[in-house]
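One chain, chain A, appears in both complexes that follow, with chain B as partner in the first and chain C in the second.
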Partner chain A sequence: MSLADYDAVGVTLKASTYGVVWFLVLLNLVPLLFILSVSFMPPTEFFGAPHIVPYEPTLEAWTSGFAELKDNLVNSFLIGTGTALLALAITIPGAYAFARKEFYGKKLGFYAIILAMMFPYILLVIPIMGLWNDLGLYNTIPGMILAYQVFVAPFAIWILRDFFENLPKDIEEAAQVYGCTQFSAFVRVILPLAAPGIVAVGFLAFLTGWNDFLFANLLTTGTGPVPAVPVLYGTIGGGSGERVYWGKLMAETLIIGTPPTVLYLVARNYLENAFTV
Partner chain B sequence: MNATTDQTDAETNSDGDHIRIESLRKTFDDGAIVACDDVNIDIDEGEFVILVGPSGCGKTTTLRCIAGLEEPDQGRILVDGEDITGLKSKDRNLAFVFQSIALFPHMSVRKNIRFGLDMNTDLGSDEKNQRVEDVAETLGLAEMLDRKPSALSGGQQQRVSLGRAMVMEPKAFLLDEPFSALDANLRDEMRVEVKKIQRDLNTAMVFVTHDQEEAMTLGDKIVVMNDGHVQQIGTPYEIYNDPRNRFVADFIGSPSPNLVECTVERTADGLAFVSEFCTIPATDEQAERVEQRVGETLVYGIRPEYLDIVPDGGAFVADLDVVEPLGDRDAIHLSASGTSLSAVAPQGEVARGTDRVHIDIQTGESWLFERDGTRLV
Partner chain C sequence: MASQTSHALLRRTERYRDVLSENWFAYLLVLPVLLFLVLLMWVPFLQGIYMSLHNWPFGGDPSWVGLGNYEYLFGWQPFVTSLRATLIFALTTLFQLGVALAAALAVREIRRGKSLVTGSFLLSYTLPPLVTGTIWAYMLEPDLGPIFGYLTQWELLEETIYWGSHGDSALAVILFVTTWTFWPFMFLIISASLESIPEEMYETARMYGANRVQTFLRVTLPQLKSAILIALSIRIIWNMTKISQVLQLTNGGPGYETSILAVLLYRFSYEQGQMGISYAVGVVLLTMTIGFVFVFIREFERASGGDAA
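Up next is the complex of A and B:
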């Protein structure tokens, strides 16, 4: 009797667990399925009655979408990679200093950096635009890369500082006893051990440069290095109320989403380590 | 030894000491915490020196200063007469073995052992490999050279860490509680092994431990520290038989010695020490020292093995609390008028269920301390 009761509870628990999981999966999967299906439909179909499997599948949206995005994808790639590399170059030494070195104003400096992260960065766009104009950085790829550091760097310093702090100090000292200077101990021992954190931070910085719309739209003009995301906005009609070619929009969305996905799959092992420490 | 070091030896007026620590002082938090102060230790070539004391006594700080991992506030550290106080740790040619083992987790055992050679020497590749193989052979690690440290047991990891030190052929080994993370059997095994290695290499070794038994079994010379100060330096026998103060007496030896406050009184048989539960006649040597101090309170100390359990008579009678078997002998915990005492007897000599025992004192083996802890006789 009691065994049956126990089973009932167990089954309900398991069923509700799966129920929640499936609900969440579908919540993500259904829109994605529509995006995928619409991207293969000719305009006559997606303006008609909704259905999932296209009657006359076509690659037209994909080819025209890709043709339109080609140059902008290169821009996005340069901006994303540049943002990641510059962020790592600045924040690895910075975070290490915050983790291991003693200096005047260390605590205050760290909180100031965290505070900068809380600042709504939409407020920064206007002064940055003016400043970049004066400095000749407006409408250039280096200008974009530099602008993204404003919100990538604090976040990266925060994550990497915790990472460096959690590495045992003894290992660094051992390296120093056995022939390293503090710098070579850092390069030979600390950097390899912090690799998961560094990969994670680099990935997130790349994503920021790749996915951002606000800076991308306001710091470039049609003649300059426009990244891919603002082009997507153009496809919706820039809010002008014109007819929207949904097929192309969906294809472009998927094209833009692919490189980060591939990057994630490549770096997955590292990323999972980074956030389980 | 070459001519130049001979010369500097003469200049510093060294008497052939290998490593010399002179009035070392180290504080933390801008002087708020004094980790060690006025530490002077001489270490001869090939000597096994143990720094022992309770936690927080400054022994690890002293070792880290020798290694160059801490910079002392005052004092000098000399190796073969050469002042190394300001040098970086990599330039000292001293090897350090960490309590936490501290292997490089991303490198194989082979690379871990080779690390120092790769970084600090310009030996040829063959020579390096040969040294690594030799050390691995000595430590029984030959089969494991290509594994990662995480695939080894705690004992094997600590062997690798020793190997990383040995391969450098350093002027001295510095070991910071290297076996405290290992279980008791393994610890005994490693102790014997380390002592053997040290004998074979005839390299000075400075070994930090909080375990007084480990200190007694390993050391040629024991340095007892407390509160940042050296309390006594001596051979294990000197430290055990002839402690310089109450702290050393109490810290070394298990079970702990009996330390009883008593008053000096003049009796019909001469001077005697009177405590709440017994009167102990003074030896001639003691009598001479306390002649002028009748009526004052002193601390009488005696090791448990010098309290004899006798069938009757004896100096006093005590209640038997617990008999604690230690193997070949039993520790007998007693109480007399509220004072806890301990004695040692051969295995099984005191029957279980005994309530009261007669105790005799081998007065010749006793110590006298002032109440502040300094040794009187």
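Up next is the complex of A and C:
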């Protein structure tokens, strides 16, 4: 192997590496750049030649977008927060047991939960619609929060179990030697140590509740607590209209999209290892 | 004989009691999440199968039709169109894998700005899918959108393409947007697994004179295998249930050309309130995915070496 050959391969590899990275980064950023620019354009500017810097920038799209979405954003926030809190309440104990306790049926139980992740949950929405209708949960915020547990809980168990597993061995026993009970060892020693993971999973649960369209659209009606995402569907209705005010729509996509993105980018520092399989 | 069986029975109950008293705390901890999944998954699922055997208008009175809904579906031309669309749509998973693998391998090589790069990769995944669907609906709008605007302005295209009015071009757009949106999930899993390959393995490979291709095929790829299989199985199933972007971009049209099964299910329930047929579509969707679930279990077992759970 001569040095020249080696370098040629190396240089090609390096170039294609950066090529791939730049291509993908631009593929993600360029559309965002466009919608950012469009959201500052007055309605008249959409016609005619495309351009990226608005001629007469205006905040009209943003203010009318905010006005339209205000109530829905509150709903989204309540639903997302409720989803996260309930998910943590039911999955923290479970994940802890699966990570650090030995008990009969542990393996079976864990797979039953993980497999739920593989279930195409679009199949659940129809019967849940009926059930919620009978139980008075249809078109309510608690109804939405409960329904989201179907896809949040398995994921939360998967990630949290990993966190609990990686805590130092026998730490509870050490705590028990110092007079803790099983329960107080869990609350006073394990929970604080796992806090970053718990926060990250809470964020993920929040963004599931915030981002979802399917349940949000099928479990609410116009009179109820409609979250923000389905409103966006209503305004374009499958590409039916010439009269869509794209500026406002794009401002709304940014308004709705920013909170989950920020949360995810914060949470991911804690999540990096959780995806190791 | 009788005393022997009763004795065995006694011993067994005693053992159960032992197991329970020893582990009651663990069972208590696991109980809530299991209860939730039974109530939210298994109860609705079984009820759904029951629904699929009925003519079940939303909020109305159901009437028993046996397998009538399934019979109707399989004799209904748009259902075949929908199956075809679903199979083509399933290709998105492979595209996602291709992009994710290339991205993960490339990102491992770069030295600086790694976290910035992965951060920007993840943007498309963290935005609500309906939002990105709306963004692309604008970007690809034939008359006003910037993409066709620039293409015609620079005369790369003679005139704009009304992709929404042809089944194949509409499917192509949906494939592109779905791939664009969801590849980062596979990227996350594959990169995590890539990072966990011990450096010693590469050193050993170098010592034995392996070249880059050999190293990739003999060290990297085998180590990634279970990560790839798991990511694939999850994504195949999750992709099948994604409806928001299809609805936003094409509304399942023209006709039923882009109504993948999940969209068909949605159209039956939401537009027509026919819960029975809608669920029959769902059952077909489920049977299509069950095969992949088996792959998932087997690989998960192997990947975790049996000691994880």
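By our rule, the second predicted complex is superposed on the first by the 234 of 277 C-alpha atoms of A that agree within 3 Å, B and C clash if a C-alpha of one lies under 4 Å from a C-alpha of the other, contacts with A are read in each partner's own complex, and residues count from 1 in each chain.
Keep in mind that, in the parts below, a residue touches a chain if its C-beta (ideal position, glycine included) is under 8 Å from a C-beta of that chain, and two chains touch if they have at least 3 such contacts.
Here the structure is a predicted model, which means the values were calculated and not measured.
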Which superposed partner A:113 touches (first chain B, second chain C, both, neither): second
Partner chain(s) touched by A:225 [first = chain B, second = chain C, both, neither]: neither
Partner chain(s) touched by A:96 [first = chain B, second = chain C, both, neither]: second
Touching partner for A:196 - first (chain B), second (chain C), both, neither: neither
First (chain B), second (chain C), both or neither touched by A:82: neither
Which superposed partner A:143 touches (first chain B, second chain C, both, neither): neither
Which of chain B and chain C A:214 touches, first, second, both or neither: second
Of chain C and chain B, partner touching more chain A residues: C
Contacts of A:65 with chain B and chain C, given as first, second, both or neither: neither
Residue ranges of chain A in contact with chain C within the complex: 9, 13-14, 16-18, 20-21, 24-25, 27-29, 31-32, 34-35, 38, 46-47, 49-50, 52, 89-91, 93-94, 96-98, 101-104, 106-107, 109-131, 133, 146-147, 149-150, 153-154, 157, 182-183, 207, 210-214, 217-218, 229-230, 232-233, 236-240, 246, 249-250, 253, 256-257, 260-261, 264-265, 268, 272-277
Chain B contact footprint on chain A (complex, rising order): 168, 170-171, 173-181, 184, 188-189, 192-193
Residue ranges of chain C touching chain A (in the complex, touch as defined): 19, 22-23, 25-30, 32-34, 36-37, 40-41, 43-45, 47-48, 51, 58-59, 99, 102-103, 105-107, 109-110, 117, 119-124, 126-131, 134-139, 141, 144, 146, 149-150, 153, 164, 180, 188-189, 192-193, 195-196, 212, 226-227, 230, 233-234, 237, 240-241, 243-244, 247-253, 262, 265-266, 269-270, 275, 278-279, 282-283, 285-286, 289, 292-293, 296-297, 300, 303-304, 309
Residues of chain B defined as touching chain A within the complex: 67-69, 88-90, 94-96, 98-100, 102-106, 115-116, 118-121, 164, 168
